[in-house]
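Naming follows writing order (A, B, C, D and E), and every chain is counted from residue 1.
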Amino acid sequence: GSGSAAASGSPVVIDVFSPFSGPNAFIGNQYNLPPVSLAAKLINQDGGVLGHKVQVITTDSGQDVGDAVSAANKLFAQYPNLNGEVGITSDVASAVVPLFNTHKIPMMSLAGNEALDKSHYTYFYRVASPDSLQGAAMAQAALKLGYKTAAILMDNSGSTQSNVPALVKAYERHGGKVVVNLALASDQSSYRTEVEKVAAAHPQVIFTETDPQTAATLFANMKQLGILGIPTIGGQEVDVPAYFQAVANAVGGYSVEDKFLRVSVFTASKTPGFPYFQQEWNKIEPKKDGPAGPIQGATYDAANILALAMDAAHSTNPTVYVKYIRKVTDNPSGQVVTNYAQGAKLLKEGKQISYQGAVGPLKFNQYNWPTEGFDLFKLNASGKLVPMFHQPGASVANFYLH
Amino acid sequence: MLSAVGFTLQWGVSNVINWAYVDFMTLVAFLDYTFTHYLHWNFWPAAILSVLLIGVLSLAMNQLLVQPFLKRGIKFFNMLIVTFGLGTIVQYLIEVIWGPTFFSITVGGQQPIHVVGVKLTVAQLIIIGVAAASMVGFHLLLTRTDLGKAMRAVSVDPSLAQVSGIRTNAVLNMAWFLSGVLCGMAGLVLAFNTASFDSTTGTVYILQILAVVVLGGIGSPYGAMGAALIIGLVGEWAALLINPYFNVVVSLLALIVVLLWRPQGLFRSLTSGSGGGTA
Amino acid sequence: MITYALNLVIYFFIDLILVLSVNLQLGLLGIANLGFMLFMGLGGYLGALLSMGPNSSVALQHYFFGATLPFPLPMIGGILLGMLVGLGVGYLVLTNMRGHYLAIMTLAVFMIGYTFLQGVVPIVNGENGLYNIPQPLSAIAGAGHFSYQWEFAVLAGLLAILSFWFCQRVIHSPFGRAAKAVRENESGAEALGKNPFRIRLIVMVAAAGLTALAGVLMAQYVTAWSPPAWSLTEIFPAMAALIVGGRGNNWGAALGTFVIYILVGQGIGFIPIMANNPNAEYAIQWTIFGALVVAFLWFRPAGLIPERKARWPERTSHRQATSPPMSHVEEATHG
Amino acid sequence: MLKRTSLESQAGRLAVKNLEVGYGSIPIVRGASVEVEPNRIVGIIGPNGAGKSTFLKGVMGILPPRAGTVVYDGRPLQGLRPDQIVSRGIGYVPQLRDVFDNLTVAENLDIGGHIARAGRNQRKDEIYSQFPVLAERRHQSAHTLSGGQRRLLALARALMSKPRVILLDEPSAGLSPQAMDTVWEHLGKLKDQGLALLIVEQKARALLSIADWVYVLVDGRNAVDASGAVLLDDIANLGKIFMGGSESNTDNHVNSVIH
Amino acid sequence: MDNDTILECHDVVCTFGGVRAVNEASLSIERGTITGLIGPNGAGKSTLVNAISGHVRLDHGYVAFDGQPITRLRPHQVAERGLVRTFQLASEFPNMTVLENMMTAPHRQAGENFFSAVFSKGRWQREEERHLIEARTLLASFGLQAKEEEYAGNLSGGQKRLLELARALMTRPTMLLLDEPMAGVSGPLIDALADHILRLNRETGLTFLIIEHDLGFMEKVCDRVNVMVNGSVLTHGTMKELREDERVVEAYLS
């Protein structure tokens, strides 16, 4: 690209607002910060946004809403010219999204909170479907595969538990039966009792979402009690390589072939931009942050979308460029681009674009979340994800509501 | 159970609730992991060395941190904060050194074996063996040696113990070393059992340990053993009848009920004489 | 900048109320209550429930009732709930328990409450917690966040000052003196006609009310309230503030709150090297926190502003600077 | 009258010279000297708050002396920890916290004999026969003893370490006249066995009639020292010495009481 | 019970495990007298006082004070009725100053009510001033005036005994139970305190029950002395009478 044009003036400041401490520190450290840094690096190689270098800063949202509100206020004070926000996890979203909205800072978040499903915060965008729809998608997938009785083993974190009501509702309305539903306290030394209960109920499928560490123990216990044969279905939370790794370690290789399924919010493998993202990712962070996964991809896209919207608006001013976010992602008349450099070039030429980066096209609905739908994958013996079928957004929504 | 006995020993003898205890439990897993994975040592040398290291660390903590503070007349609550601070530092040091991800130590033979109708893995059998052996050793130490009595004397009144000719410092160090070793063993057992651990693994256990120790009577190793059994059983039982998520609640309820009935815990503690009632 | 400064001021006021309440229990009375965050949690929840509208499917939260009460009723409700539960817990733990056993008992009560509220969604939305909590009197301020912060700061400030005054009175009165006597030597105090149970219970209930008030304010300020906001580890900064500031002294509590919550809690982030080391920030914060506490206990075990020797006018000629009898310190909490 | 031997090292002699001890920055004992040797009972008397207990704590290494020397058997003791001092053969019975409350009588004695294991059980039996009350209550917790029984136990505990010198801080407090006689008698026997005894007492008369030499400590300093018999003759004068230096002022006691 | 009896114990029994510390002890004390209680170590004197003051439960028997049964009252209730005791082992409030220890003592202080403590300072301030004067006068008479700002925990053994006594007087009791008040107090001071006690008794009619092993002191102050042996009251009389009583000599005076 036009790498020769030296970036000038004040930088474009993008903040990553995530937990960087406490038990969820891995979310900030592994899922959110590295992909945003990668995006910024690529953008800056390309000469920056409208000639401004992108500067990535971080804010630790801490362990609770109180910490998060204070951290946000400090952020506004320290960076009065904040241009955009990536991150904001579900545990603190309900408290800080209104604050960012008041300060008119465009946000790109992965938070699935039901509470924000019908939000009218004009600066708040989500790059993942709501948890409720995801729960419904898991139910739909199970029924499609013919599993009529299910156990639910979700950890007790807010982001997984919020799948459960929709999951149960949709599953049972369409003829399934939940035989066991247990919340798991995270990071225990053993889940034998829980697993025994599941074994005793003989479900055809297990819905499970936990953090990777809990999964390691859980699957080890499942192996000990000999119920690895029951298929498991998970969602966004398990959509990370670390999770697969943990499970593989615990059960000794990816021997869960065909039994380990997951509903993905993102359509990573279908997306044209994913190989490029993966290639760049492997260049900088081959080991430290693990292999590239869809969640990292989504976060990387989030940063690119903000930058492209600025390009399209010819302005880094949040109140101006926020209106261009839809125009660079879900634009039927735009030309498909798979990375920032391509998009920036076309925009400079006055053309319209439709960015399809590391994770599928993001078609935002009126509540600013993507409606593309879900895909069901299975993990094969060599640890690769193999797509099984697509669940269109509309069909899942219908399944959920009726 | 091992962990609770070690903990109760520290608490009983030096009157200190060591919040950092659980972080030492985590640390031992990381040490062992380092020895086996980076230095490619065998299972036993790695395990023994890491456990001993924790014992030494525990001793150092007593000598360098706890004792100087106790000498300045700082007790109980403030010590709780000191140890909590230390624990957090250990926890974050682990995070800085080994990173914020989780690790796993795997021992062979995860296939379950049926022992009198219960499915157990080889690892679990080893654990039970080691736990039983160390409990017997511990029992002998406390009842058959002068060190045991000296520990009790120090725990009741350190200054009087000193003017009775007991080398209080050495006795305390010994107590901390032993409980450090127990802590290390408990941490390893935990790591083998859990299949994965990270820098916060131990912290989850502080409550369970506290509950067991108090239920057993502070400073009473046998109490801790008994209470560990009771708490474990009540928890399992609750898990089967109600939701396993609430087994902590049920164990704690059991604790409250027992304490209301016997405010000094179930068992006579290390520090009270045989005639001791409530005082 | 002003927004952030105001934000800090508000946090200071709220944390001050919390630390003052801990000071009443721990400093004045030597009650080793490790479960006081439960009162904070309950206050926050009831304050929220009383001010929020009834649960509807639109709100997409799960809780069991919502009363839409105007200010200050939610606040008063929160305080009353705190006091009520404080009374119950008091009867449970103060009747025949002392020292370590009392501490663990309160911890157990706390954990039961915590696990329950976290695990049973329909009460207060479980782990996700409550959000969109209305802020008191937000109608009379302008629409912007900025001006409302001023209003909230004034409200929190008034309540903090009121709490401070209240605690001063409690501590520096014959009642406080009797409480101290109970702390120092229970049977001695009893022999002088003081009723230890009654004194402990009153202090516990009053402190629970204050803690709950801090909870209500915090929940209303951040507009959301979930279990991690009142988790077990939150007790440590509060206790550290007392150690640094000085136990048994309200001015000490205030200074300690400032040092721990504001200087250490917030100041670290401003050290330049922290900027792009997000995970180091927290680690360093805790390390400094730990080191500070250790240093204070070492060099100034009684805190920055130690418990004041009670002084009466006249006859000051024989004043001698002496330190408290160390071997007796905290004997009372040992039972 | 007793002839005082010179300071030169004599086996078993405990010599304290110009000792200064205090709490924090407050000096309490300001240069007191006391000597005791085997086969002797030496007493210290003085008004309340004179610094007698503080003096003993200084000797035992519980409080660090700021000045002065403590020499036992020709070797200095200052700078040693209390347990080291005990293992040099010096026993100590404190005034207040004197027994292990939550341990049984027997356990208290065992701990007393911690450093002298040989013949421990035999010594225990001797003590039981000397003080039958303790034998009766050997399995009872020390805190359930009566005040007097407790003092006996404290004394017995100190004796269990087979000391050569023993420092007693008010051994008679709380003892019935009968028990006191037994104790004095026992202490006399110990003296005859070659022990050196240093006794702080308030029951001046009893002490003076048994002690070979007595020091009067007022305001942290030696006021008078003489043989017990001499002071006993002049006991009326003792009150004046006491009051002269002490902070308490008895003259206005009675006058000022309007209750 | 005759009108002048202020304290009456009847067949009091206290057992601990197998030990009968107090065994059917009966005692009656007339208003305005100074009564002694002597007996060998372990006779049950302190336990009897504990039983009267509510610190120990009776297994049997009853105690009446001022015509009212107090058998099952809690210690603070007994104290509030004007029956105040001191302890054999020091029971000062160590981290409070000597003066503060004194100021804590008076019963039913207006400012001890939580609400008036907080909301109506005026109500108790006057009272505080009065107590202050009283406390200082008492401290002076016990030779502790120089120590008023010292932490009580830093007093010497004897000074703690004195403070204990002064603090008990500060409560304006109707009757005082003193458990070995003179143990560890220096000789000349004992004489002065004996005078003090006699004077209080004469001038204010304060009733005393004193446990002491110092017989000289007992002889000087007590109208009558009870002798306790093996948990029960063996006999009573003046000191002089008791010295002649063979049983007493055998059991106690040897």
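In this text, a residue touches a chain if its C-beta (ideal position, glycine included) is under 8 Å from a C-beta of that chain, and two chains touch if they have at least 3 such contacts.
This structure is a prediction, so every number in the text was calculated from the model and none was measured.
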Looking at CA centres, what chain is most distant from subunit D? A
More Cb-Cb contact pairs, comparing B-D against B-C, go to B-C
Averaged-CA centre spacing for the pair subunit E and subunit B, given as whole angstrom: 47
Separation of subunit D from subunit E, taking each centre as the mean of its C-alpha atoms, in whole Å: 28
Whole-Å gap separating subunit A and subunit E, where each centre is the average of the chain's CA atoms: 76
From the C-alpha centre of subunit A to that of subunit C, how far is it in Å? 37
Any chance you could list the residues of subunit A touching two or more other chains? 22, 25, 29, 156, 183
Each of the following residues of subunit C touches two or more other chains, namely 119, 279, 282-283, 320, 322, 327, 329
For subunit B, residue numbers touching 2 or more other chains are 95, 100, 159, 243, 245, 248, 275, 277
What residues on subunit A touch subunit B, complex-wise? 22-23, 25-26, 29-30, 156, 182-185, 187-191, 193-194, 196-197, 212-213, 216-217, 219-220, 223-226, 242, 246, 249-250, 252
What part of subunit D is in contact with subunit B in the complex they form? 60, 62, 81-83, 86-87, 92, 94, 97-104, 107, 110-112, 114-115, 117, 139-144, 157-158, 161
Per the touch rule above, subunit D residues touching subunit E in the complex are 23, 45-50, 53-54, 95-96, 133, 140, 144-149, 152, 169-170, 173-181, 202-205, 238-239, 242-243, 246-250, 252-254, 256-259
Considering the complex alone, what residue numbers of subunit E touch subunit C? 53, 55, 74-77, 79-80, 84-87, 91-97, 99-101, 103-105, 107-114, 117-119, 121, 124, 128, 132, 136, 145-151, 153-154, 167, 171
Residue positions on subunit E within touch of subunit D in the complex are 16, 19, 38-47, 88-90, 137-138, 140-144, 146-147, 154-159, 162, 169, 179-180, 183-189, 192-193, 195-196, 199-200, 203-204, 213-215, 252-254
